[in-house]
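Before I ask anything, let me first share the structure, which is written out below as C-alpha cells.
Going in written order, the chains are labelled A, B, C and D, and every chain counts its residues from 1.
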Amino acid sequence: MTRVGVVGAGMIGRDHVRRLTSVISRVTVTAVADVDAGAAALVAASTGAAVHPDGLAVIAAADVDAVVVCSWGDTHEEYVLAAIAAGKPVFCEKPLATSPQACLRIVEAEAARGTRLVQVGYMRRYDAAYRALKKVLDSGAIGAPLMMHCAHRNAAVPDFYRPENIITDTAVHEIDMVRWMFGTEITAVRVLRPRASRNAGAIPDPLLLVLELANEVLVDVEISVNARYGYDIRGEILGENGTAALGDQNPITVRRAGHLTSPVPADWRERFGPAYDVELREWVAGHMPDAPGAWDGYAASVVSDAAVQSLRTGERVPITLAARPKLH
Amino acid sequence: MTRVGVVGAGMIGRDHVRRLTSVISRVTVTAVADVDAGAAALVAASTGAAVHPDGLAVIAAADVDAVVVCSWGDTHEEYVLAAIAAGKPVFCEKPLATSPQACLRIVEAEAARGTRLVQVGYMRRYDAAYRALKKVLDSGAIGAPLMMHCAHRNAAVPDFYRPENIITDTAVHEIDMVRWMFGTEITAVRVLRPRASRNAGAIPDPLLLVLELANEVLVDVEISVNARYGYDIRGEILGENGTAALGDQNPITVRRAGHLTSPVPADWRERFGPAYDVELREWVAGHMPDAPGAWDGYAASVVSDAAVQSLRTGERVPITLAARPKLH
Amino acid sequence: MTRVGVVGAGMIGRDHVRRLTSVISRVTVTAVADVDAGAAALVAASTGAAVHPDGLAVIAAADVDAVVVCSWGDTHEEYVLAAIAAGKPVFCEKPLATSPQACLRIVEAEAARGTRLVQVGYMRRYDAAYRALKKVLDSGAIGAPLMMHCAHRNAAVPDFYRPENIITDTAVHEIDMVRWMFGTEITAVRVLRPRASRNAGAIPDPLLLVLELANEVLVDVEISVNARYGYDIRGEILGENGTAALGDQNPITVRRAGHLTSPVPADWRERFGPAYDVELREWVAGHMPDAPGAWDGYAASVVSDAAVQSLRTGERVPITLAARPKLH
Amino acid sequence: MTRVGVVGAGMIGRDHVRRLTSVISRVTVTAVADVDAGAAALVAASTGAAVHPDGLAVIAAADVDAVVVCSWGDTHEEYVLAAIAAGKPVFCEKPLATSPQACLRIVEAEAARGTRLVQVGYMRRYDAAYRALKKVLDSGAIGAPLMMHCAHRNAAVPDFYRPENIITDTAVHEIDMVRWMFGTEITAVRVLRPRASRNAGAIPDPLLLVLELANEVLVDVEISVNARYGYDIRGEILGENGTAALGDQNPITVRRAGHLTSPVPADWRERFGPAYDVELREWVAGHMPDAPGAWDGYAASVVSDAAVQSLRTGERVPITLAARPKLH
C-alpha cells in the first residue's frame, strides 16, 4: 500500500484524490495541505488523511511515501525540489515549473540525486489510442515519419484564458505528445493566426502551430479553444509508405431524421478520463519507462516559451535546449 | 446509334427516356406508346420520337432496334413475347410478368427462339457497392459464405401499398440480389412479423424474411417501408474466414452541437441513381453476362409468390422451380 | 473496505481476484477455497487471503462480508443458497445454476429472505456502448422499438464446446442483454441452422436465434463461435422513427498498401475488459438497480433451455416463466 | 447536338473524346488535330471526326460549335485566343496558359469580346463531395469559416516530375478549389518543406502549403506525390460553430485476419472519374455559374508562380492580382 501525500486540494487535486481512493487499488492518501483550509478539510474528511500546515510538511511526513503536487504553478518548483531532497517520488501536475530556468533547476537536482523521482502530468502518453498510434509508428508499418497533422479543440475555456494560456495550458499537451511520439526534440516553432473566432472574445483563436523536429519531421497543430461543438482531438502521421491516425471512437450510431449521428465528447474528462486513471495507476505501480519526467517538463517549458514569443511576433523561433543529463 | 422504342410513358418510362436521351450516348428514342396519349406526347416532344397507337406497333416499327417496356405489369407478358417474336432485345421493368406461369411462358419463348433477348429491371446488380461485395466474395477472401444479413428500408411508400407489395415491389430486389450474389437458387422462404410500426397504417411493417439457399446459406432480410429516417440498404456476408459488408458512403461529415453527422440518402434515386444509369448503359451496349434475364424474372416471381404465401400463413414455404433451359 | 471471500480459484476466479486487488479500490480478498488446493494457494499468496477447506467455510467466515462464486456451475446452487442463508451479498458467475428448477429455488430463497443479495455475471449491462444504446432507446429518440439485429462472433472457442454450449455459454449473454435492453421477457425462441463452417468441426456453427419478446419486438441473433477474423459484437435496434446501433470503436486507422484498416478486437477480454471492471466495481459499491439478479439468472436459464430444445428440433419453442416475486 | 472540335489528341485528349462520345449525350466530335498525325487518326477512326492540319483549322471549321483544347500547355494561349476571336466556347485543360501574363491576355480578350467563352479544366468544382461540403459551408451550419486543412496524396507521379510540378500540376487543384470554396482570393502563400520521402527521388516531397485568404481564413495543404498507399484527398473546414469535412466513401468493408479494411482509391481516375464526366456534361449543356473561367485560370497561375517562388526561397510570398474585369 503506497501512502501518498497531496499538496494542493483544488479541483484537480480533489480529482486526483478521488482517483487514488476510488479508482486505483493499493494506494492510500495519508496527508494533505492547501492554502485553503476548507479544501484540505474536504479531502481529510473523505479519506482520513491528516491535514498538514503546508506542502513542505506533507512532503516531510513520515507516513508519506510519495507526493502528488497540484498546487498553483508558481509553487511547483519549491515542492518538487523538496520531494527530490527527501528522496520521495513526486507526481507534479503540469507545468513542472513556470519558467525554463526553474524546470532546469529541478532537472539538475534530480540528476544530482541520481535517481528518477519526478513525473509530470502529461497524460496523452497514457491514452490507449495514442499508444496504439505510437506502436504502429514504431513497428515501421508506415515507414519513416515525414509529417504529423494534429488538432486540439476545446468546446470552451475558462474566463481567465489569455492569449498565452492557449499555448501554455492547451497546446503544451500536443508539444509533449509530439516529443514522445517521435522520440526527438522540437527545434523550432512558428505560430500562425487565422481569422479569429467571434466566440473567442479578445483572444486569438484558433491558432496554427508549426513545429520542426530534430529528425526533420514537420508537425502542424490546430489549437481551437472555443470550438463550441465539442472536444475533439486529432492526429495523423504521414509516413513514407502509409499513414496512421487516431480513429473515431463512436460507442453508438443513431440514424434519425435524414442523418446518421454519433456523439462527440463534451470535454477532456470524457475523452481522456481513462488516460488519467492509467497515468496515476502506472505512477503508483512505479512504471517509469514512458513516463514524462523532469527533462520532459523542462523541454515543454522551453518550447512553450518559444511558441508564446512566436505568437507575439509572428516569426519562426528556433529552440535551444540545455545539455541533457545522462539520467534522462 | 441504337434506336429504342418505349412502351409505357409513365413516371418510370419518362425517367428511362431521360436517361436514354440525356445520360447515355449512342442511343436514340424513336418510338413511343402509352394508353395515356398525353404522356406519349410528352416523350415525343422531348425526343422527336414517333407516337404509335399501342405497344405492339412500337415493337413492330421498322426504326426500332430494341424495346423498353415500362407499362403496367399486367401488359408485360404480351409486349415481351412480341419483342421476342420480333427478335428484338427487350428491357422490361420489373416484374417480368405478374405470375410465375406468365414468366415461364416468356422463358420458354426465349429458349425456343434460342437467343437471349430479355433483360429485367433488377438494378442492384449494377450498383458499384454490390459489385465490389460480390467481387470480394468471389475472390475467396472471406472463405465460403455461410449467412447474409440484409436490410432494406424505405422512408415511406405510396398510399397504394398493400401487404403483398412489401414483397413484390420491395423485397423482390433483395430476392434477385441474393440469387445473383450467391449464384444459386432460393429453396425456401419464411416471413416473420415483428411488432408493427404505427407509421405503417394497416400494413404489417417491418417484416423479416428468412431465405434458405440451395447451397445452405441462410439469409435474413429486414424489410421496412416506413422507416421515416431515410433510405437505407445494408448487406453483410459472413464467410468461414471473415465478413464483407456494404460500407457507409458519406460524402461529408459535419461536427456540430455535440454530434458528428452524415447524411442518409432520402430515397432510392439518391442511393441507386448511378446503378440505373449503368443498367441501361450496359443494356444499350449489349453486355449480357451479369444481366438479369427471363429466368431471373421467373425465379423472382416464384419466390415472391412463396413469400406472400408465408406472409399470410406464417409458415415456411418450400420453393420448386421448373427445369432451367440451357439458354440460361 | 469490503472483505470478499472467493469460492473457486480457476481461471475466471483468479481474474476476478486480480480485479478485486489490482483494479478496484476499497475491497480486499480475505478468504478463498478451491477443490484444487494449488489454485487456492496461488490466490492466497498474491492476496494474503486465508485458504479454507471448502466454499461453505468461505461463506461462513467471520471476515467475509460478501462472496464471489466462480466454481463449476454444478456447485453454484449450493453456494448461492448458503450465501443467501448467511445474509451475505453474492456475486455468482454465470450460470446462476444449471437448471431452471435450481435457479427458481434460489429466486424463492432470496424472496423468502426479503432482500436482494444475488448478482449474476452478465456483464453486457456494464458495457459503456450497450448502456449508451439503452439510453438512446429509453430517451424515445428512435421511437418505439420494433426489431433488433445482433451478432456475437468469437474467433474460436475451447475444445470442450458441444452444440449446447453455443447457447448456454455464448448466446446466453445476448439473451440476458435483450431482456435488459427492452425491459421485458422473451416469449418464444427459434434456432435456425445455416450452412456449417468447416472451421467448427462437429458443432453446428453459425446459428441464427430468433427471439420473440412480450412487447412483440423481434430479435435475430447470429452466433458464430469460429469466426476466425476476431471478436465482434453487433447490435442495432430498429425503432419506429430511426435506428440506434453499437458503433465501431477504432482507436486507430492505418492507410497502407491500398487499404484503410482498423484493428478488430481479438477476444472478449479486449472488447469487454472495462465492462468486467465496472461490473465488479458497482457490485462492491452496492449499486443494484440495473444489476442482473436471481430472477434474471432464472429467466436466462429457461430461455437457454428452450433454445437448446429448438436447436435439436428446429421448431419454435414457446416460453413460460414462473410467477415473478415482488422482490424483482 | 453540339459539334465539338478537339485540339490535341494525346492521353487526356483521347480520354475527353471517349467521354464526349461514350458517356455524354447530345454531343458529337466532328474535328480533330494533333502534331502527331497518328494520334489524330485514332480519334478520327473512333468518332468519324475530320482530321485537320492544325488546331487553328479545327477552331475555324464550319462544323465546329465548341472547342476542347488538350494540346501542350505552351500552345494553349494561341488556341484559346483563336476560339475567343471566333466566338466559340472553349474548354481548355489546365493550365489556361503557362504564365500569368499569358492568362491575363486571355482574360482581357474575353472581356473585350464581352461574353464568357472560356472554361478551364479544374474539376474539383464538379465533385459531389466538394459540392456537398460547399453547400454545408454556404448554409451557415458551421458558422463563419476560420481554417481549412487539406491533403492531396498521389500514390506516385510520372518520371518527368520536377519540384515545380508539385505546385503547378498537383497543388494547383487545391489552389483553385480553395478560391471557389470560399469565394475569395488568396493573398499570400508559404511553402514549408518537411523531411523528404526517400520514395520521391530528387524532388522535395511532401510539402506543406500555407495559404492566406482575403477573408483571413488560413488554409494548410499537404501535398504528397509519392504516398505509395493510394490516392487520398482530404479537406476539413473549421467554422466558428462546427466543422465540415470530406467523408470516407467506402463501398465495402471487409473484416479479415484481425482487421477491418476498406479500399483506398488507386488514383484520380477512381476518385474523380465522375467529376470529370460532370465537368464536361455541364460544359456541353452550357451551365456556367460555378464553372472555372479565364479569371480563375489567371488567378491559379499567379498563385502557382508565388508558391514556386516560396518553394525556392522558403519565404512567405504576398500575392497581387490585376484588376478583375466586370465580366467575372
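Note that in this section contacts are C-beta pairs under 8 Å (C-beta built on N, C-alpha and C of every residue); 3 or more make two chains touch, one makes a residue touch a chain.
The chain lineup, named per UniProt: A, B, C, D = Inositol 2-dehydrogenase.
Here the structure is a predicted model, which is why all the values come from computation and not from measurement.
Chain pairs A-B and B-D differ in how many C-beta pairs they share in contact, with the greater number at B-D.
Ranked by distance of CA centroids from subunit D, the top chain is C. Distance from the subunit A centre to the subunit B centre is 58 Å, each centre being the mean of its Cα atoms. Separating the centre of subunit A from that of subunit D, both taken as means of CA atoms, is a distance of 44 Å.
With centres defined as mean CA coordinates, subunit D is found 38 Å away from subunit B.
Each of the following residues of subunit A touches two or more other chains: 228-229, 232, 241-243, 248, 250, 255-257, 262-263. Across the complex, subunit A meets subunit C through its residues 21-27, 128-129, 132-133, 136, 141-142, 241-257, 262-263, 274. Listing the residues of subunit D that touch subunit A in their complex gives 143-147, 149, 151, 192-199, 206, 208, 210, 215-218, 220, 222, 224, 227-229, 232, 238, 240-243. Contacts from subunit A toward subunit B in the complex involve residues 228-230, 232, 248, 250, 255-264, 266.
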